[in-house]
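Below, subunit A partners subunit B and then partners subunit C, in two separate complexes.
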Partner chain A sequence: MNDNVVALPDEHKFQARIDAEEKIEPKDWMPEGYRKNLIRQMSQHAHSEVVGEQPEGNWITRAPSLERKAILLAKVQDEAGHGLYLYSAAETLGATRDEMIEALHEGKAKYASIFNYPSLTWADIGAIGWLVDSAAIVNQVSLQNTSYGPYARAMIRICKEESFHQRQGYHIMMTLMDGSDEQKAMAQDAINRWWWPAMMMFGPHDGESAHSAQSMKWKIKRRSNDDLRQQWVDQAVQQAHAIGLEVPDDDLTWNEERGHYDFGPIDWDEFNRVIAGDGPCNRQRLAHHKKAHDDGAWVREAMSAYDAKRRAKSSAA
Partner chain B sequence: MTDSALIAKFAVRQGDDALVLGHRLSEWTSRSPFLEEDLALTNVALDFVGRARMFYQYAATLTGGDANEDTFAYTRDAREFSNLLICELPRGDFAFTICRQYLYDAFALPFMQALMKSSDQQLAAIAAKAEKETKYHVRRDTDWMLRLGDGTEESQGRMQKALDDLWGYTGELFDVDDVDRALIAEGIVPDVSLLRDQWLETVSDTIARANLELPQADWKAAGGRDGIHTESLGFLLAELQSVQRAYPGLKW
Partner chain C sequence: MTDELQLYEVFIRSRRGLDHKHVGSLHADDPQQALEYARDVYTRRSEGVSIWVVASRDITASQESDCESFYDPLDDKPYRHASMYQMPEGVDSL
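Let's look at the complex of A and B:
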């Protein structure tokens, strides 16, 4: 690795390529910080897709109609696929999936804090698809232009599938709001519980975000947290009102001058608590993932033993 | 019973097999040994739920009235479910899930191929779709049988145990009752009892290649078609039907 250090282009050249909107590819030179930052972000993104299977998977066996069950299975299958794309993309930077999973289990790697909230009723499946996937889309659309080629391409593939996720979630909410009083209450309760965690998905305010400035300079991130959050609020509020849902924010008002909704303060204490591991489901989510991984160890061992036997046979032949 | 009542009964049985087995598969989502397999198991679960819907929808058109796919899935009790017992057994470990799936799919392939020749157009069309999926399922299951049977000592032990535990439930796959006999006579459904030899040959071959032993069990569990189930089905349905049962008659 280090023997051609002299030949490496310097960071200025790298930054010039970034500024010229060139995509960085796996074999290109890149600053160590860029690589690390990307591995952190991409593995976090991959873990989010995978851990996100849990709150939704929680309702697959209880989906209230066969059509909803089929849609939910297809959706969760997509999310697992997104996890795969993202792990593969991160692997192009030299991180192995085993290392990334280990970091997750050790609590060193994060995943989206939203998945540390419980999915308690069927309406939560609607709220997750509608609010959480739409927040993910807003973020991921902006990442289609991220500077790292494999990440950008993964985002393009993923975004194609995401709009179906959001639509199915909103359709669940629409159907509930068209239904009985109990169903309407269930839908309102779901937005009450998921709204603020969804707002927090965009991360801290721009000034307070640990990685933001450098990520913007390297064009890993293309738009600021606050900017993305505002876009999401503007669309989600209208969608809520269109089907008769109230948004659980007393400060929410349309600001004619800005052309945007103003909204109330976000509870960053809660955000930090959940990120630090003390949200309602952090422990269960990690334990669930670990258990599946540990229970599957004998299967993975058997696979490698089988492959090794086959290789030995074919080289002996 | 009229022909259409008999066909509806047959379609509901097939729908029940697919729904209950799909349910067991879907319990793996987020719990598989690794991510690729999580995706694959979820996908196969979706195939079975899709198959259940096709059979139920056809049964609903034959039954008429208010019946639809969901009334079959969500408003009948365990005694009214007519799936084969092998489909409902709890998911067990990964070895059990793979063995069950292999034993069932290895039956489903010749069964769907025979059903494709049904004089009933609709059944033939459903069978054609199911057959395509089943070809892929059997390939997948067989790969796993070989890998796990001929993997480590532990995997081989788990696979042998799963096979032994499951073997007594395979006899029911080939049972024929009055409903079947009436439909067989008219060329509407295949005679499953005639598929047994072919199945045994295929399965024995795979088991041998997987370094496993063919169970010599002389026990047989049956009763699913008559609604005499294992105790696990009631819990499966309590979960599957919970929302519909709590809020009857609503749209979701």
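Let's look at the complex of A and C:
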């Protein structure tokens, strides 16, 4: 924040509360920037849960067994629920659901860039559950301590449900790596394509992250992008090697001194391109979301017509 | 309305960061009065930082007898639990 601006007494109280690790609740006074920042972050998070259903939904009808199909269906159902928890939490800040959806459709609100990559084979479902969900979990665990009460509580609920997502994905990879040469190659191909986009999920390096400093001060974010990314790399590399998968990074080396893996440079041009709308599936994802929303219009209309009829009846009685 | 008082359910947030929790009910004329009564009856020893009151008749509740059709289908979906997936020895953070 600009040091030349004299902070209001309310703002002092607000920041003192945050510094003391107390939660902010919906009816509390809060700076406009805090509210806006939270709505941006939470709605972006909610959109990610919902748009993220698309690459996985792509394989529900083609899952290799009835059991895998039921599992994938249950996972995608969870993600829809996560979207709901987050939209509802954002609504406690005065944002309406319609506004948020509209911002998504107009391209004003973002969602996680990773969901703009296609799911080409069944192994991608393994890679998504294992790599993408685990990256999301690393971030979400840190957000269980975020300063806004409804957001923190939504994160706690979500993290509880996430535990099976990552495992079912890893289990798919494990099973493929236990199979034929072709199945192993399919698993390796999936990690080759998903590794770097998953690395990008944590966002720009700390020095270049637009919202980071203020968000850390307000405790909307609790750990830095680079910090979270490093934790994820350390655990994902170990998990990959345990089942014989190679990590597609020639620079990957264990750094004894740091006690962490060093890794190669991230292609930020690709990241920026995908964020800006030019990834492999951006147009398809948005078009599909709009279509699903429009196709559902008659249900919403029928519900409100039914509600109006019921009200008319009960007021006549 | 007659002079009969309405039943209200009372929910209290005991500390910032926690959900409101149902603590009991009371009779009042209107929501504002219910809120004041709730303060007097349920928070005499700083039990909370926030109170919600909801007219009991506005609550739609599931019935214990509906349990089977409401929740039963979940019991045959063990794959919703992480514990169903056996992870190999020595793999951490899953």
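We adopt the following convention: the second predicted complex is superposed on the first by the 308 of 317 C-alpha atoms of A that agree within 3 Å, B and C clash if a C-alpha of one lies under 4 Å from a C-alpha of the other, contacts with A are read in each partner's own complex, and residues count from 1 in each chain.
The rule is simple: contacts are C-beta pairs under 8 Å (C-beta built on N, C-alpha and C of every residue); 3 or more make two chains touch, one makes a residue touch a chain.
Predicted model only: the values in this text are computed from it and were never measured.
In the overlay built on the shared chain, the residue A:167 is in contact with subunit C alone; subunit B does not reach it.
In the superposed model, A:244 lies in contact with neither subunit B nor subunit C. Contact with subunit C, but none with subunit B, is seen for A:149 once the two complexes are overlaid on the shared chain. By the touch criterion defined above, A:235 lies against subunit C but remains apart from subunit B after alignment on the C-alpha atoms of chain A. Within the superposed three-chain model, A:277 lies out of touch with both subunit B and subunit C [touch as defined at top]. Contacts of A:302 after superposition: subunit B is touched, whereas subunit C is not reached.
Of the two partner chains placed around the shared chain by superposition, subunit B and subunit C are both touched by A:74. Put subunit B and subunit C next to each other and count what each touches on subunit A; the higher total goes to B. Shared contact residues of subunit A, touching subunit B in one structure and subunit C in the other: 67, 70, 74. Considering their complex, residues 50, 53-54, 57, 60-70, 73-74, 76-77, 80-81, 83-84, 87, 122, 172, 175-176, 178-180, 182-183, 288-289, 291-293, 295-303, 305-306, 309 of subunit A touch subunit B.
Of all the residues in subunit C, the ones that touch subunit A in their complex are 13, 16-17, 19, 50, 77, 79-82, 84-88, 90-94. Within the complex formed with subunit C, the subunit A residues making contact are 22-25, 27, 67, 70-71, 74, 78, 134, 149, 152-153, 163-164, 166-168, 170-171, 174, 235, 238-239, 242-243. The touching residues of subunit B, counted against subunit A in their complex, run 19, 23, 26-27, 29-39, 42-43, 45-46, 49-50, 52-53, 56, 69-70, 73-74, 93-94, 146-148, 150-152, 154-155, 158, 239-240, 242-244, 247, 250-252.
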